[in-house]
Each structure stands twice: as C-alpha cells, then as structure tokens.
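Just below is one structure, and these are the notes that go with it.
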Amino acid sequence: MRVGVFICHCGNNIAGTVDVARVAAEMRKLPGVVYATNYMYTCSEPGQEEIKQAIRKEGLDRIVVAACSPRMHENTFRKTIEKAGLNRYFLEMANIREHISWIGEDKELNTNKAIEAVKMAVAKVMNNKPLYSSSFKVNKRVLVIGGGVAGMQAALDCADGGLDVVLVEKSPSIGGMMSRLDKTFPTIDCSICILGPKMVDVVQHEKIKLYAYSEIDEIKGYVGNYQIKIRKKATYVDWSKCTGCGACMEKCPTRNAYDHFNFGVATTRAINIPFPQAIPKKAKIDPEFCRQFTKGKCGVCAKICPTGAINYEMKDEIVAEDVGAIIVATGYGLFDLDKFPEYGAGRYPDVITGIQYERILNASGPTSGHILRPSDQTEPKTVVFVSCAGSRDKSLGVPYCSNFCCMYIAKQAILTKDHIPDSQSYVFYMDIRSNGKGYDEFTRRAQEEYGAKYIRGRVAKIYPKGKKMVVRGADTLLGTQVEVEADLVVLATAVISAPGAAGMAEKLHISYDTFGFYVESHPKLRPVETNTSGVYLAGACQGPKDIPASVGQGSAAASKVLSLFSKDMLESDPAIAQVNINACVGCLKCVKTCPFQAIKEEVLRNGRKVAKVIETVCAGCGVCTSTCPCGAIQLQHFTDNQLLAEVNAICQS
Amino acid sequence: MDTINLSNKIDWEFIEQVKEESGQNPSLCYQCGNCTAGCPYTNYFDYPVSMVMRLLQAGQKDTILNSKAIWLCATCETCTTRCPCEIDVAHIMDTLRIIARREGKVSEKDIKLFYDSFLDSVKQFGRIYEVGTLLMYNLRSGHFLADADLGPKVLTRGKIHFFPTKIKGSDKVAQIFERFQKKAKRHG
Amino acid sequence: MSTEKVKEAIAKILPDVETVICYQQGFDGLHTTPLFIKIPEEINGLIWNPLCVQNLTSYLPSIKKKVGIVVKGCDSRTIVQYLQEGLIDREKIVIIGVPCTGVVSVKKVLREIGHQPVAGVAFDDNGNIVVKTSKGDRTLAIADVCPDKCATCQYPTPIVYDYLAGDPIKSDKPKESVHEDIRQFDEKTLEEKKAYWEKELEKCIRCYACRNACPMCICQDSCIAETREPHWISQKLSLTEKFMFHMIHAVHLAGRCVECGECERVCPMDIPVAKLKKKINTEMKELFNYEPGVDPDGKPPMYTFNVDEVKIKEHKL
Amino acid sequence: MAEKEYAYYSGCSLEGTAKEYDTSLRLVMKTLGVKLAEIPDWSCCGSTPAHTVDHVFAAALAARNLAIIEKMNTHTVTVPCPSCLTVLKKAHIGMTTDESFKNEVNALLDEPYEGKVTAKSSLQVIYEDIGLEAIADRVTHALPDLKVVAYYGCILNRPPDIAQFDDPENPVAMDKVISALGIEVLDYAFKTECCGAAFGVPKRAMVNELTHKILSMAIDVGANCIAVACPLCQQNLDLRQEQVNQTMGSSFNIPVLYFTQIMGLAYGYSPDDLEMDKLVVGADHLIRSRIPVEEYRKMKEAEAAAAKKPAKAKEMKEEPKETAKAEEN
Amino acid sequence: MSVVAGKELRIVGFLCNWCSYGGADTAGVSRFKQPTDLRIIKVPCSGRVDPLFVVRALLTGADGVLVSGCHPRDCHYTDGNFYARRRLEMLKRLLPFVGIDERRFHYTWVSASEGQKWQQVVTDFTNRIHQLGPLHVKKENEG
C-alpha cells in the first residue's frame, strides 16, 4: 500500500497555528506512507494538480488530505483522485482547520493534534475499499411545501422549466404573508396588486397541481424517489362544486368566527372565503364556530348554496403523490401579544401587532382602509411604533434580528401620515436596520418628509390612561425617560419560525436551529440546499427574510431542482450496508432496527436464512452494523475495521 | 464636557472588578435603554441606569462611584426583570454601592446614614427597632424633624414600640458583623 | 417425583415429533447428560432429578424439524427469549415443562466432598442429596448446594409449556432478592470493583466455554472474538483483551441474558461471568421495566426505542 | 384535612409598623387551617442596607435565620414581607448554586446553613398551597361596596428568577384571591411600579412623587381601596397619603389594606380583630356595607327577580331583530 | 506518544456527520476556542456507534470518550439516535460496575448550528477528564 499525505496550509488559516511542515515530516515516518508534503492551498487548481502528479509519479494508491472540514472539500478531492485514476473512496480527509487550527491557540498542542488527526486518517484510508455507485431513475416531479411568495416563485419557475409541480398550502388560499400586506417597501407598491397575478399564474399553470388547505402527513423515500402522503383537510364544502359566489358567507348567522386572514383584527363568518383575491376562491367551514357543528343545527349555508356544495359529513382525505425533489417554503410565524405582559399582553385593544396594522391599513381589510383603532373605531392621531418587540431579546429566546421590521415600521409610519395628515407617529427603535437597495433612503424619508419622530430606546411599559395608551420608554440619546400618550400602539413583534416547523423538519430529515429555522448546507455557498439531498429551502423558513430575498431564494431553489433533474439517472451513494453472507447467522436483528426497512430476509439455496440489504433504500446510517453481533453487516466506508483503525491509531500509539 | 481619552482613561481593572464581584458581564449590554425606561427613580438620578451601564463599559470608575444614581437605586428589580440581555442590573448597582462604600465614596450621605442606622439597630438588638433607627438617623443626618409629621399618626395608632425587642441571640448577630469586619480588614 | 409424569408426557408427544430432548445419567451419579429420544424404547433412559442442570434449549435454534423438549422454569425463559427474537418457531416445538424446586450445583457438591470419586447419588424426602463415596455417605441439603440462581428463583414453573409434568409451584422468593447481589456489589468503590474484575478476568484462559454454553450466543462460528473481519480483539492473552472479550459478551447480551447461569456453570476458572450480564439486566429492568425471557410478546429493549424515554435523563456536564 | 405547617418569619416590620399585617395574617391562616410555627430567636434579614455593604455579609444575616429554620420540623418558611423574602431567597439561591459563596457565608455564621429551606411569600402559600376553592369556601361575609385594586409592589414577584412565583409584570395571585372572596377587583396597570418606600425616610420628596402616581392610577380606574402585601408599601401609601396631598396638591383619601385584612373581613372577623384602627386612612365607610353572604344572596335574588321580567322581554324582542339584520346583509 | 505529556489527556469523540460534526465545524468557523485533547472520529450517525467502540477506547488508552449526535427527533436517519440513546445509556450504567468511572464517558446531542454548545461540551468534558486524571486499565500487563 502506498499512501500519500497532503497537508494544506490554507494560507495562514492552518499554517498560522499548526506547524504543517512538521506534520508532513512525521507522516513520512509512518509505515505505508511513501509520500507526504505540505502546500499553500491544496484545494487550488495547482494544489490539486500536485496531488494528481504525485499519484502518477509515486504510484500512490491511497490519499489523505489534511485541510478543512470534509463537509467543505471532500467532494473536490474525491474528484481529483478519480481524475488521477483512483477510486474516489481511497481518499480520507483530516479536518485540521475547523477542528484544530481555528479552535486551539497553542501551536505545539495544535501540531501534535494535527499529527494525530492525520495518523487516524492514514489508518483509516489503509482500510478503505474501492466503492462503486450504481445509478437509479429519477422521478422528475417536484413537491413545493408552502404557497407563500417564495413557494409560488419556486413552483412557477419549476413549472416553466417543464417540471410537474405539486404545491401544498396549509391555509385555504395561497399568497402567504405577502397577501396580507397593504403596501411593500421601499416602493409603496400595492402588495396584492403585484402578488395577485402571480397567484393566478399558479392556479392556471397546467404543470402545477395545487393542494390548498392541505398538509404533509408523511414523507418517505430518498432523492429522486419520494413518496408523499398529503392530508386534504375537510373544508365541509365540495370544492369541485363551489363557485366562490360567497352567498353562504353572506347568510351565515355566525359572525364571530376568528378571522385568521386578518389576524383577529375583525371577525368573520363560520363559513368564509378568506379574502376577495383568494386562490382558490372557495369557501370553507370553520367547525369551531359553525352552529351546525357546535349546536348540531343550522344548515343555513347548505340551504343557500346554489350548487349544493356543502357537505357537513366531509372527512380529511389522504392522497399520495410521488416526487423526486422537495422545496420547503413554509414561511415564518410571529410572536403573540401575550409574550409582553408589560405591554398589556393583549389586554388593551389599542395595542396591536404590525401585521394587524397592515390589515387595518389595507383597503380590503376590515376597516376598508380607514385607520380606525380597535377599541372605539376612532381615527388615531398619535401612533406609536415599537420595534424589536421580542426581537434581539435574549430573555424571550429571540436573540436575533427579525430583519424587516425597521422597514415596515417606516412604511407604516409613512402610510399613517398619508391616511391621516394631522397624525403624528413615534418610532421607538434600538438601531435602524435598512441595508437593502433604497432602504435607508426610505427610513430617512419617513423622518424627513413624513415627520415620524424616531426615539432611540426601548419601551418599558404601556398602560391605559383614560382613552389614551401611555407608552413609557427611554430616549437613550437624551438620557431620559420619555412618555407618549398614544391613541394606538403598534408592536413590531418578533419573527419566529412557523408553527410546526420542527415537526416538518423531522418529516423531511433536515436540521433546524435552536429557533426552529431550517439549516442550509452552507451559510455562504449552499444557501438553498439542505444536508438531505433533494430537499431545498426557500424563503423565511430558513430565517427572517423580506420579499425580494424570499423570491430570489424561490428561484434559486427551483434552479437547483431543474439542474438535479437535468439527468435521467442519479448516482447512488455506495456508502451503504453490505452483508457478508458467510458470517451472517440470520438472527435478523438488523431487520428489526433498520430505520428504513432497507433490510429483508433472504433464504439461500441451502435453506440458510441471511439478511439482505435493499441498496436503493439503504440510507447509510449504520444502525444495522452496530446491531449485528457478529459483524456480518458492515456499513461501507464506516466499517468496524475502519473505525477501529481510527480508535487504535489514537489509543494504542 | 471633557473629552475622554479612551486610550488611557478606560479603567480596565474596575470593569474586571465589577464583573468579578457581581458575576455579571457588562459587555452584554447593548444600550437599548429598557432599564432607564422602566426605572421609577430615573428622574432623580444624575445618570440614568443605562448610562451607568455605559459608563461601566467605558471604565469610568470615578464618575460612577461619585454618582448619586447608585445610591438612589432602591433595588426594585424592574431593570433586572426587563433586561433583554438578561443582565442582573440591580445586582450591578448593588455591587457598585458596595465598592463605593468600600472606597469611602458616598455621594448620598443621607441614604448611607439611614442604612447605617438600620444596621446599627440590627447589630445591637438583632432586629430593627424602628424608633431608634429613626432617631439615630435624625441625629446623624441633622434632619432632626425628618418625617416628624408622621410621628403622631404612628404613635397614636400604636404602630411602634417605644422599647426595643432585643433577641436572645443578638450577640450572635453582632458576631456576624464582627467576623465580617475582621475579614474585610484582613483583605484590606 | 415427576419422572414418571415426564415419561408419560414424552410418550404422548413422541409420535408427533422427531426427537425429544431430555436428560440421562452421565459418567457418574453426579453428572447428567442430554438424551435425545427418537423411539419409545429410549424413554426408559430418561432421568429427572435435581442434577438435570443443563439448559437444553440451546439446541433449539439450530434444529429444523419438530422437536419436544423438557424444560425447567429457568430454561423456559430461554425459549421465551428465542420467541421474542424470532429465532425459533413455536409451532415446531413441543414443550414439556417440569416445575422445579431447585437443582444442584455439581461444583459445589464436589467442593463439599473434596473432589472424591462419586460412587452413587440419592435424594431423600427432606430436600437432601446423599452422595456416596469411598469415604462414606455425605448428606447435603440441596438448598445449600444449589446454584446461586435457584436461591432467588422467581419462575419455578415454566413460563411456556404444552404439557406440565407436575403441579405448578409459586416462587416463595422475594422479587427484590433477585438483584440484591448486584446492588451490593455496586456499593463497592470504583477501585474495589476495578481490582475485583482485574483479578477475576486475569484468570480467563479464553477457552470460550462460557460463550459456547450460552443459549443466547447465537453467532456460533461467526463470533467476533475469533475473526479478523471485523477485527475487534486480538488473540493476545493480555488482561485488556480478556476484559474486552467479556465486555463484548456482556454488551451483546444486553437485554437478552435469561440468567440461566450456564456460562458460570461451565467456566473452568470459576470466573463470575454471569455477573456482568445480570448487572445490565438490573438496568434494563430499571430503565425499561424489561426482564428477558418472561413475556413472549415482549420486545428486547436494545432493538426498539421510545421517542420519549421516561427514564433516560439527559446527562449534564 | 391535615393541618399544613409552615415556619413563620414575620420580619421586623410586622412587629412594629405592620402589626396589623401580622395579626390579620395569623387569623386568616388559622381560618384556612394553616399552622404557623414560630422561629426561635429569629433576627433581622438585613434587608437593603446590608446589601450596600457586602454580598457575603448580607447573605450571612439572612442565612442565620435559614440555618435556624433548617433545624425545625418543617423546612418551608412563609414570609409576609417581600423585602425579607427576597433577601432570604437570594441568600438561599446564592448559597445553593455557588459552593464557595456558601463556604464564605457559613464562615461568618455559628451554625452553617446547608440549603434545605424553601421560602414562600404568604400570598404564595395562600394562593398556591391552599388554593382559591378553599379560600372561597370559608367566606362568611360579602363586601359589596369594595372596589379593590391589588398593588403588589416592586419585589414580590421580581426578579422572576428569585421570586419564582406569578408573573413579574402582571401578577394575578392577589387579584384572584380577593376575587375568590366575592369582592370586585379592578384591572390596574401599576401593580408592580415601585413606591419608593425604601427611601421613605431619607428621600421623602422623591417618594411622595412615586406614591402619588400609584394612588392616582388607582383612583383613575375607579378603585376605592388598595390591597397590598408588603408592609413598606402599606406604610408608604397609607401613612404618607396626607404628606403626598400636601406636597403634590392632591386630595387622596383611599384606604390601603393588607390583603389579609380584606380576607379577614370576608371571613367575618371584626375590624377590631383585624386592627383596622391602625390604618391612617380609615376604611370604616367601606366596611359598613358588610353583610353575611346568605343575606346578600337573598338580596341579590330579589333584585334579579325584580329585574327579570322586563329583561326577558327585551331579549325576546332582540333575537328576531338580529336574524333579520343578518339577512339584510 | 499521542498526548503531550502533562498537558493533554486522551479523549476520543464519536461525532455524527450531520449534526455534531457540523456543530464542531460551526464552532471552528466561529473560532470558539477549545481545549486540544479531543480526537474526533466521524460516523454517519450516533446509531452507528457500537458501545463496544467506547469500551475498546477506554480499555486501550483513552481517558475519556464523548459521543455526540443529533438531538432526539432530529436524526438525519430518523431513528438512529434513539437506538444510540438506549445503547449508550446501558453502557454508561455498566461502566462503573467494572470499575470505570461513568463520568469518563459522556453522550450528548449537539446540532449543526450549536457551535457554542459544542465549545461548552468540549470544554466541560475535557475539564472533567482532567479532574479525574488519567485512566489506566492495567496497561502494565500489555504485551
């Protein structure tokens, strides 16, 4: 065996705190290692060339690259050695950057640790075996979860690219948060005017199959071949018959149903179409409020419906769809007022959230676009905006910035002045974050042209005094406490992950951070990929994001799927479990523990029972290997012997 | 206002000292002003709480220790409760008072005197003897008639004993004082 | 005595099975050895007494044809465990259960009689074994020379059987007594425990008798103690490797050991090898309320999980 | 019901200016079947002043008492005074989470404290351990004229990590307890604003202003009585009311009662039993309406019966109207 | 010699590829300083970690072993860490029975985004092992 070792300086990233030359020198002493060198940037073109050269010149048959994390460049170097004629699995990487040079300060200790890490890699590579991928067919359909602006963009781009798209939206209409907004910053475009046509495109596109008011029940399979179960929630209205005429909604005697679309600013009917531009424009019954469900009698809508679409007996329905890739665009959620006891925790009707104010501003909102405060339906003359209501607040578990509140507050302050010229807005802020194109100019305009008073400081308490709400805060620039007697207070409540985000991640096998936002493959270079191949992210499910960023990501995710589907066959990862039938005693404990049902029983010609791995189903976790008492089933590339070689390299030296 | 030369006027040791004694990290403060906004005493402070925190971050030891703010803080815990950065601000104020007292810098003599009178009573009787505390304070502060208007109200309603209750273990309590003073002396 | 009842039962099932596995007299009165009955005439060779100590169930997984087997309460746990693990087909086994009040540890008897040749053995009605040697008779209470497992036996009547030769007996041993020895041992200091195992395991000669006798060691020739693929341990006779071997045995039996005690019975070096497995069993009981070999519908805890583990708390650093 | 037992740390104030808190609390606890065990030879907790001297010293003054309680039958102590409570809890938490701090504190003490005491405010004991149902069960009298705001003061629920009880911004325990007595409680935004009592003596102008704010908010929401759970708050709001009126030009005359006094009234104790005479702003006019619950119920029933007929007719008329309106839309 | 005498002890870490290895990477990218004793072995899933690897390491020279996987419910392979949790808990309870301090073996869950938690885990575990000192399971009998 002829092992070659390449130690990367990574400029100063590694060489700064690791004596790379010494590491290389130590490696030369190891049995089996015939070549060891160090190089400035091993991942660079000449760096890779050097590896190829050495393979040829020195006749190397196993390669160890000690550099950054294999999550970064393993694929790069696998391709490199493949080009030089070696099997790609004859490569091992030692992570001497993220795990050593960047986290340890003592050069001597770092160097020693690096030597050890490379020794382990050498020990492992000497136990490596060549592995070969097989290829399998791809189902060129894509599932998009979430019909907000990001999901819609992704669905449209995929469909325009010729793919069949299954779009699943959990609420009765697509459109998401953007469909609730009045105007968009910094252009003050009417939000639904620019979104509406897109929504129509979605529903009219022959390649897009829309499941509204539906949720993902189950996801099975792997890249190229996913099996999805979709739960179509009972609407109690047969949508194939419903024409969206709205007669039922007019006649419904229950007027106090919670209005999800308007975030509770107003109430709606128990049977309702969420908003005029809804897509699909179909009615659904909210059984929590419908008298037919709560009292067992009413039936008004059934009587009134001209097409006889009402069906109180409707049940959830499960449909199956097979796809090859998934785009997740499940959006975000918002903090509730009850998180703020010092601001009344929802007790005061005139303390509302930004999205509620958005509905009040909106012409198709409950006040028809007249700004009227909820308590007494009068026009507020003094409006206070409180930014960072929950955001950047470690004590509430949201240490991050919600990204777009500064901008929409500026927009709302401008719109308030537009609607009520003799009004005065106050904005309490900590920092103004307006780093998009035209954004800072916009927040300046709010102050310079629209006279919004910006006060740098947090608000400590809001309490009622007569008909006013007293907002007590600080002006840290003045170094004083300040109070504003407001008619209406708008809290820019923190952006949080969508309700159920964690559960969805578990179904998708993707990771999410402490806050429930989905984690991308690489924060800089793989922003829409996840660690599960075939699953992509778009929009605010990955982190708070404004409209242009969400749309951009939707398109990016779509382009990833299009390029994935540009081939008819995909290569499988050969690092899967393999059974040594001579050693297998047929106890089939592996069958019991395999999370993917990828192992089945096989009866050999001599009647002996053994385990058999279904190659396309095995995901390569290795649970079977650590279950098998006789070591007969081995996860390739992470076999017992390979891992033992690493253990021995550290423990027995 | 004077220009503060940050190159040589940041008292790094002081920052460390407060950090150590309070167990709180002043660097966590991002100056949102929530403490100031909620502080019931802000109007009487020479420096609002958030400014005290800023002065602490800037290592302005003398300004802080000579401030009235640290003595006027009543430890009502509003700042601690609301701090988004989870800093126990009231505890920092406590610590600053302790350091100020240790260094003999007391900008609010009356408050300190009141505290001292209170503690004297504890040392002597083991519990608080309200009349004695008040009298002692009045004597020391020179405010002979402090709250004298309240006296009749209190007395006619039998709210105050004229004689102190001395607990049996008052010597044990006094010992706590003595041991502490000895220890404080040892550590300079 | 139940001998006649056992014979009756065998006679009854024999037409239906290929073989009945039971016991016969061994090379002296103290030893018994397995008997495989295929024809009715062989039934007379059967003996049934407290010297029938072996756990005969180990034969079951490798037998393809339908067989009958004679089991004690403790042996039946192995069958239950086999059923849980899907290693045998219940339809192909006819179980003759025999309620048992305790067996005799041959090792203990030999120790009592100073390892003399045995001329004969008899049992009286008072629960004693009478051992005849050239130096005379020695009467020993069975309770004094029983294996440790009998002293705390919870299952004197087999858990599964098709025929019961005798009347069922209920255990009179308190449930807590079963793991008392483990609890007591655990109270020793780490150093004491370490020293204990180093002393005990140093004796190991890696003969693998314990493994071979273990009914749950199903790997047979594929045991990783003797392969290079994978190469878990070397053949070196060092303490480390001996330690490793016994840890492998224990870990592979986690949640599976039916506490039949065969490993200790056969150990030529008197190493308390069953103790490690019993320790894991105590933990399985505590963590998952699981006891191997008592519930045919149970699931071995290492091959399943709960999303929320009630008893497993996150460990803090 | 087995009698619950708590060690009882009254604190210095309850021996003096807040004697009536002590008296009323003992009566109420007796009614609720709670035994308060005296703590032998307890001493002052050190309060705020000790905390200006040194953290260890302050903890030691408190821990001396905790060490005594640790030797009693019950390890749970109930403390009526929020200031004492905070000091005791701070010492306990400091000593149980930081070994070296514990050692330093114990070095100042004769008897070391091992950390076994649980301290609960008397309000917490009544609200959590006894519960609203039991509180309501023992009511004998109604107080129909009372419109109460509950004022908790700054440190009863703060900081949340120390108090570990109720909400630090909008506490509700006292509101619920008084509501359970059948007494009207009004929402009040200044439940936890600091009244400045700690500086009552040296900084009276400042304290008067703070007190003024709290009183005027109570009047604004329509209250005629303030319920408190803190001796310093009570003293400040009640005793200084006239001082406030003089300095701030107001004319407050609102009684400030300990919540235990209100409970005592509902449980049928006489104003004398509850030492109502110790209030500076008297509450006699409010107590006059007190009436046994049984009589009150009958009175209400009669009222309701009188009002029922026209009300029902109105209801009947309204319903078809609504449906008609719905159809119009 | 694998450890720098007097400064380091031998700590072996088994990290799942998807969460904890990523978490360690995140800590590295964020330059969260850590003690240098830990040697990391990458495994696809904590469910791949046979408890016997831990035993082998502790018997042959490691002073401490750390296993870290995805948080329960977040396993990239759905259930791998659920099996790991049972197996490793079993081992943790077995170790003191054979005289090995269970504190020398720690298993935990660190996600790819938890760089700070990873730093904390490594620092705390390394400190703990240093407090316990070196572990020698009769090395003198080797050979």
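The letters A, B, C, D and E name the chains in turn, as written, and every chain counts its residues from 1.
What we mean here is this: contacts are C-beta pairs under 8 Å (C-beta built on N, C-alpha and C of every residue); 3 or more make two chains touch, one makes a residue touch a chain.
Bear in mind that the values here come from a model prediction, so they are computed numbers and not experimental data.
Peer 1: Note the shortest touch-path length, in steps, from chain B to chain E.
Peer 2: Step count on the best path from chain B to chain E: 2.
Peer 1: Touching both chain C and chain D, which chains are there?
Peer 2: Chains touching both chain C and chain D: A.
Peer 1: So if I look at the partners of chain A and the partners of chain B, which chains show up in both lists?
Peer 2: Chains touching both chain A and chain B: D.
Peer 1: If you take the mean of the Cα atoms for each chain, which one ends up farthest from chain C?
Peer 2: If we average the C-alpha coordinates per chain, B ends up farthest from chain C.
Peer 1: Taking each chain's centre as its mean C-alpha position, how far apart are chain B and chain D in Å?
Peer 2: Roughly 26 Å separates the two chain centres.
Peer 1: Go ahead and note the Å separation of the Cα centroids belonging to chain A and chain C.
Peer 2: Chain A and chain C have C-alpha centres separated by 54 Å.
Peer 1: Let me have the rounded angstrom distance from the C-alpha centre of chain A over to the C-alpha centre of chain D, please.
Peer 2: The mean C-alpha positions of chain A and chain D differ by 48 Å.
Peer 1: Between chain C and chain E, what's the gap in Å when you average each chain's C-alpha atoms?
Peer 2: 36
Peer 1: Give me the residues of chain C that touch two or more other chains.
Peer 2: Residue numbers touching two or more other chains: 232, 302.
Peer 1: Mark out which residues of chain B touch at least two other chains, giving numbers and ranges.
Peer 2: Those would be 43, 78.
Peer 1: Quick check on chain A: which residues sit in contact with 2+ other chains?
Peer 2: Within chain A, the residues that touch at least two other chains are 342, 461, 593, 627, 640, 644.
Peer 1: So which chains end up touching which?
Peer 2: Here the touching pairs of chains are A-B, A-C, A-D, A-E, B-D, C-E.
Peer 1: Can you list the chain E residues touching chain A in their complex?
Peer 2: These residues of chain E touch chain A: 1-4, 7-8, 10, 12, 18-19, 21-22, 24-25, 27-29, 31-36, 39-45, 47-51, 53, 56-57, 60-62, 70, 73-80, 83, 87, 111-114, 119.
Peer 1: Which chain A residues qualify as touching chain C in the complex?
Peer 2: Its residues touching chain C are 580, 583-585, 587-589, 592-593, 607, 627, 629-632, 634, 639-641, 644.
Peer 1: Contact residues on chain A for chain B in the complex?
Peer 2: So the residues of chain A touching chain B come out as 342, 388, 392-396, 430, 456-461, 472-476, 479-482.
Peer 1: Inside the complex, what are the residues of chain B that reach chain A?
Peer 2: Touch list, chain B to chain A: 30-39, 42-43, 47-48, 50-51, 78, 82-86.
Peer 1: Okay, in this complex, where on chain A does chain D touch?
Peer 2: Touch residues, chain A against chain D: 250-251, 253, 255, 341-342, 344-345, 347, 461, 463-466.
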